[in-house]
Amino acid sequence: MSEITRFGVSLRSTLLEQFDELIEEKGYSNRSEAIRDLIRNRLVEEKWAQEDVEVVGAISLLYSHDVRELTHRLTEFEHDHHVAIISKMHIHLNEHNCLEILAVRGLASEVREIAEKLISTKGVKHGKLIMTTMGEGLA
Amino acid sequence: MSEITRFGVSLRSTLLEQFDELIEEKGYSNRSEAIRDLIRNRLVEEKWAQEDVEVVGAISLLYSHDVRELTHRLTEFEHDHHVAIISKMHIHLNEHNCLEILAVRGLASEVREIAEKLISTKGVKHGKLIMTTMGEGLA
Amino acid sequence: MSEITRFGVSLRSTLLEQFDELIEEKGYSNRSEAIRDLIRNRLVEEKWAQEDVEVVGAISLLYSHDVRELTHRLTEFEHDHHVAIISKMHIHLNEHNCLEILAVRGLASEVREIAEKLISTKGVKHGKLIMTTMGEGLA
Amino acid sequence: MSEITRFGVSLRSTLLEQFDELIEEKGYSNRSEAIRDLIRNRLVEEKWAQEDVEVVGAISLLYSHDVRELTHRLTEFEHDHHVAIISKMHIHLNEHNCLEILAVRGLASEVREIAEKLISTKGVKHGKLIMTTMGEGLA
């Protein structure tokens, strides 16, 4: 891991007061931690805007296991993309509905496409993609 | 499950042509499926804007297991919220970084607060919240 | 303008009931209008994801006219991009703060870059970009 | 205006290097300016999540002036809300389409409702809301 460095931020005291209120409310332990989070968020957004960088996505799929063949169709698609799909979690929300969450690694365009295909599968009620990364350089 | 119903949508043919291109590209099997997805997405968004409705969230947390005490602190917090936290998945992305994904159920405000606390924990590099629901009525 | 066409959407009646509640609450006059809005929104999003398509952006800039040279610097930058910047509106929010809104036309990447440069100008307190289009085909 | 204050941020040098690249690319003049932008953005988001705080919104409306009665209906609605609507700009994008941008001031819930009503008006092709503020305390 790289060494810790330090830099100063100058701003009006009224702005700092409001920021201090916010970070207390959100549970941050100190300003540096809150600033680092803002910076990392911005960097992850930027990574997803690039073409040829490896990213990680978490895809949520909400569906009813009553839909005939759906589980089977999803599983088959997932197997075809087993290199990109790192892992998956399946939750029985209630009698009918399941939440499935997949962790997927690849180029931003690939992860987006896998998410779109899964979310557009007939019978999937709701799906979303979280865009995150492998964490390199975000230390 | 409730019965299937049907309604007509009128629009300019140029708009429909563009929509047909989009749904083919995204892999939808037919227009109804694509329209249902747009409707469900809108309904889920609306649910999260209400105060007293039960929702489901998927929280992603990216962190390095090298950070002393972090895993321990996260686990402790998660235990304190074991009623809301349904399940969790842990992925070893590489030598240092882990991706943890939690499925959380509760009122929108509760799920948001749990997400904020976890994401603001010192050492968590990046975190995001997917807002979804238990699926009731989204059939 | 192209002719009106019509297609049917099939869905569960529970889903339709929820959608009908939503569109009444939001003030839509009928289902077709609400569906058209969902479709157009999706198409506009897609256009902004493409490289070589002309789009329109509305950029909001919040700043204090007390900041020395800021108005001058913004105006100069805007003049350098007068081909892209269609029009602008200036609002005196209170004694110190102004809201400036610019309408900008160009390729998505160009409009994004103009927005980024303006928003990152020293003294601009807050800025956002609305992504919309020239409206072709959205009839 | 309040006085300038200063605080230190500690972080790993690899994270700072990436941030420095980003701010150079985006055109920021220095780190403090970029950090202030991240802080203000976060504060504005938070303000819009509160119930009883005055905010400012910029609403974009894309429509064709060929639609009979639409301009009239929009103008009438806008007059009914003349206290909240500060100003408006109208742009002739091409032969058929207009872009109208309104600056609206009020409680977050009021501004959202005005935006929803305008965007859902029959004939409006696309509409979006920028959430910003009066700028108090964001100095």
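Note that the chains are named A, B, C and D in the order they appear, and that numbering of residues resets to 1 at the start of each chain.
One rule holds in what follows: a residue touches a chain if its C-beta (ideal position, glycine included) is under 8 Å from a C-beta of that chain, and two chains touch if they have at least 3 such contacts.
Please read all numbers here as calculations on a predicted model, not as lab measurements.
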Where subunit B and subunit C overlap in contact partners, by chain label: none
Cα-centroid distance, subunit A relative to subunit B, in whole angstrom: 9
Distance between the centres, which are taken as Cα means, of subunit D and subunit B, whole angstrom: 25
Per-residue overlap in subunit C, given as positions that touch at least 2 other chains: 1, 40, 138-139
Pairwise touch network: line, ring, star, complete, or other: ring
Residue numbers on subunit A that touch subunit B, as the complex places them: 1, 23, 26-30, 33-34, 37, 40-41, 44, 56, 58, 60, 62-64, 66, 86-89, 91, 93-94, 96-97, 99, 101, 103, 105, 116-117, 119-122, 124-126, 128-136, 138-139
Subunit B to subunit C touching residues, read off their complex: 1-19, 22, 31-32, 35-36, 38-40, 42-43, 46, 137-139
